[in-house]
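Same chain, two partners: chain A is paired with chain B first, then with chain C.
Let's turn to the complex of A and B:
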């Protein structure tokens, strides 16, 4: 406090009110912002571009598709991709089936436990994957540990910190009480209300959660490798030990694909939300988020 | 709670009331059971095995073994790597979050957010390959720099070292930091800044006395998350160094893959337990720090 008072006098005589008034809050000015963003773009894009160049490089600096072509005929790679996709779809289905009812239930009936549950979904972030693998070998019968189903079941847990956040955020933005009351007044049971009233409202977010889970599964290496499954990343690692340019080619394409998917999804999600917000808010197009439901008289 | 009266239409008896109060918890049982089965049970099994010898008798031997020689060295290396990566990423990520929050383009922000979500989960192989392709001995960037007369490998740089790993780890830790800090930075209110300005604060003072303290709890929390994330990472290090740098997750991976000396079957579990302890300690430190910050803020 004292420091601020002293500075006040200094400021009053020195910088003057004009300089203070133009300050735009806790933000960076254009030059600093530009420099930071440019440096970051450099750090994040150069390795990607380098991978692209590396993957398409022929002898003595020419461009060639030979690495890509070799991969297209790599049967082992395709079968590993198939395994990964199967596991990913399984994990996404379990994620939606397990997490969306849980989130709806907690927000509707146990709002006090919302924070606790959110905390629980973050626990997988702090238990190292290698430790989970050790535990799986110790706790489950060998027949179960060697089944790809286990990998899908575990990926649900590992991706939960991300998927639950997306689902729970969307559920929280719904006016749950009004929607369920409406559904039940119209004669629907809990199950019917959940499937026919709530789920359609959550469609975009559930899709995001599914995609996040799928993206996680398609990229996860540690658990798959240590459990001995030849998933896509494990096969990629195998290729990488012999043909680093081929491996780089695949990984850069896979990464671009995932990025495009998620970017499209988030842009679509943003547009949808604006549109819905404008209807509810009575034509106020600036509402970037759906208005929070009034909670008066509830809970 | 709202429906209790309307649904039954009569005063419920005592037992019924207790049942009704517990009924809502039934809805989260499947979720809890799932988490216990697929995360709780394996973790507990590691903790239990850490104190057992191969014949199933209680022993301290595994832990004793896990805290000497190569294993101790791997802990030192892992801690060093995680501390550096988390520290650098926390600072860089916060600065980047402020820069993004300063931008007026909502498209840029949305794009940056989804890009961060992707990059934060990029760890693993693509990341290792991308850095080998750019900064490896024959990487694109290395060759460009060498062409300009400054080959980093002639000046002490090596991607396949701890320094290299720090550079690579920042690639997924900085975006994670951005994801966590962007909402916090955007919640810094312009009015607070103006209030500080009116009290005579210069830009630097406003940041030091208002902005940074307001961000501190989030910042410390996120740094702990980054630390744990770096500490537990396996895939990137494995793909980049092929196990050349002894890190704890790599050691455990090697043990899982069957490179075990006779009589030391459970030393991996002891390492796992030690990892859990390090993580728990970070969580505890975080809770403490945050409580102190919160008290100081009041």
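Let's turn to the complex of A and C:
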């Protein structure tokens, strides 16, 4: 009883500062967070709203949809958008097909190469696009250089610093060895284990990687312009040189489109996290532990 | 599905015409596996008879998991052979070996429910959905988790996850069941329950099983035969009581159970003198010339201990182990021994008490002091 009393007293005295700190956290933390959030929102929203206003503002303070209407009838714009979407989807598909098995294999079988691969995927960040284009002209016949397929492949490489990290991070968070061993002992070959066991666990990160690649492709200007493709950003630039209000309307439209995609992805990812996040006590009284990412030592 | 575990298992798993168990003979023959310059398996040979449960026990890094993974095909051998039902499967990939395996780490597929996890192997074998669900349901009932069929792994406790993993491994009617420390992540009570459950199901199904563990109690209680490994080699294999009572060498003697090592001297007549008393040796232990200096290994229960104000032993500490009390006793000559006595008789003996300690023969193992 004495021990219990002492413990209670210690607990009471120890709880005081902690409670005060929590109260202070509420008093200052919440408004501070709100202020930071508001400033961030203003930073992004003001230019967006200003662009929207510029695109929709007519003469003498009136409002008009003429720029939007002009866009709807701009065939060149829509064909450029279609080309960009085709290239983006192609690049996303190649990214997933190339990087997810690579990351799984490197983490599973060649862990020493992980650092090397991480370094390699950063190379596109430091090599200027002009150098890449010159290299392409030197390495491939002109007919191939002007093919959209090559542009898609180039975008796979250029988006790799971002897309690879998303996929590799998710792969590293899995207990890869145990899952693959389990899949194989249950009768799955490598391919079946990859598609039926691992890919479902990587779904969210694969979607993120695809989205990053698509977003990159839809916004990339320099490479497409230098290789002579009239993609969406190139067409946008051309419109901007003639009709700045139309170009601004397109920009706002493109931003909203990207925002919607991102929000959808966040919602899907959030739902998955909530579904997996809870830890419950089981019928035998033990609490389930989260999966251990590191492999248990082999004896 | 109703009925006892026996009835359920008999229904779930085929037996041959004579009703014999369907287990198969499994052999590791002269297996060698190197990791760099370290031999994880050093010419290991092990045969498991049909329907037998063999436990491999050993310290970390002794190669027991590597042996199990070699049997599963998850580890390629640098030499030797794996035979299942007298067929060489050394080059057969894992997914064609018809094995079931339960892992140390929770290995259920997180995106699948319990019943889908159990049915996964059947799905790979293209079993129709209805038949798959029926059999997965039966297996879940066998492990007592019918009510949790629709739960995802994160909604199950550790013990439940391992039960589902066992059901998943058994669902494909494997020829061999491999258990890689499946209980090590569980708390003591659940571990004991699940251990008994694994054994009961294994006996009823009659499946040949290799169980790897570093837990002596687990290995001694569950196995038909127990193999003790060290440095990639099998030091001894035998029934649990054989290994415990008649270890083949000093390592096995000291690794399985507790022992105290005491200096002694071989004396004529097949005896050794230790702590001033003469104790008899078993015939196979009587290999030392009289006068030879030896180490005598004795179990805690191989001592007679009693409170004695004139005794030369001083109790250093005591540990309560339920029915027995374990005492660490310091003896002259900087010798420390572990002895046990009935807890009911240990009442007056505490730390600092003087006790007399007498060895009872025959010793567990005797080794020459030069060999130590």
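Criterion: the second predicted complex is superposed on the first by the 234 of 299 C-alpha atoms of A that agree within 3 Å, B and C clash if a C-alpha of one lies under 4 Å from a C-alpha of the other, contacts with A are read in each partner's own complex, and residues count from 1 in each chain.
Basically, a residue touches a chain if its C-beta (ideal position, glycine included) is under 8 Å from a C-beta of that chain, and two chains touch if they have at least 3 such contacts.
Everything numeric in this text was worked out from a predicted model, so none of it was measured.
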| item | value |
| --- | --- |
| Touched partner set for A:197, first chain B, second chain C, both or neither | second |
| Partner chain(s) touched by A:126 [first = chain B, second = chain C, both, neither] | first |
| Which superposed partner A:175 touches (first chain B, second chain C, both, neither) | second |
| Chain B versus chain C, judged by how many residues of chain A each one touches | B |
| Chain B versus chain C as contact partner of A:165, first or second or both or neither | neither |
| Contacts of A:114 with chain B and chain C, given as first, second, both or neither | neither |
| Residues of chain A that lie at the interface with chain B and also at the interface with chain C | 288 |
| Residues of chain B touching chain A in the complex | 24-25, 27-28, 30-32, 34-35, 38-39, 41-46, 48-49, 95-96, 98-103, 106, 110-111, 113-115, 117-119, 121-127, 129-135, 139-141, 170-171, 174-175, 185, 188-190, 192-194, 196-203, 205-207, 209-211, 225, 228-229, 231-232, 234-235, 238-239, 242, 249, 252-253, 256-257, 268-269, 272, 275-276, 279, 283 |
| Complex contact set, residues of chain A against chain B | 3-5, 7-12, 15, 20-21, 23-29, 32-33, 36-37, 40, 43-44, 46-51, 53-55, 98-99, 101-102, 105-106, 109-110, 113, 117, 120, 123-140, 153-154, 156-157, 162, 212, 215-216, 219-222, 225-226, 233, 236-237, 240-241, 244, 247-248, 251-252, 254-255, 258-259, 262-263, 265-267, 270, 288 |
| Footprint of chain C on chain A - complex, ascending | 175, 178-179, 181-189, 192, 196-197, 200-201, 203, 275-292, 295-299 |
| List of chain C residues in touch with chain A within their complex | 40, 58-66, 69, 72-74, 93-95, 98-101, 103-107, 109-112, 120-121, 123-125, 148, 152-161, 165, 168-169, 172, 178, 181, 185-187, 189-190, 193, 212, 214 |
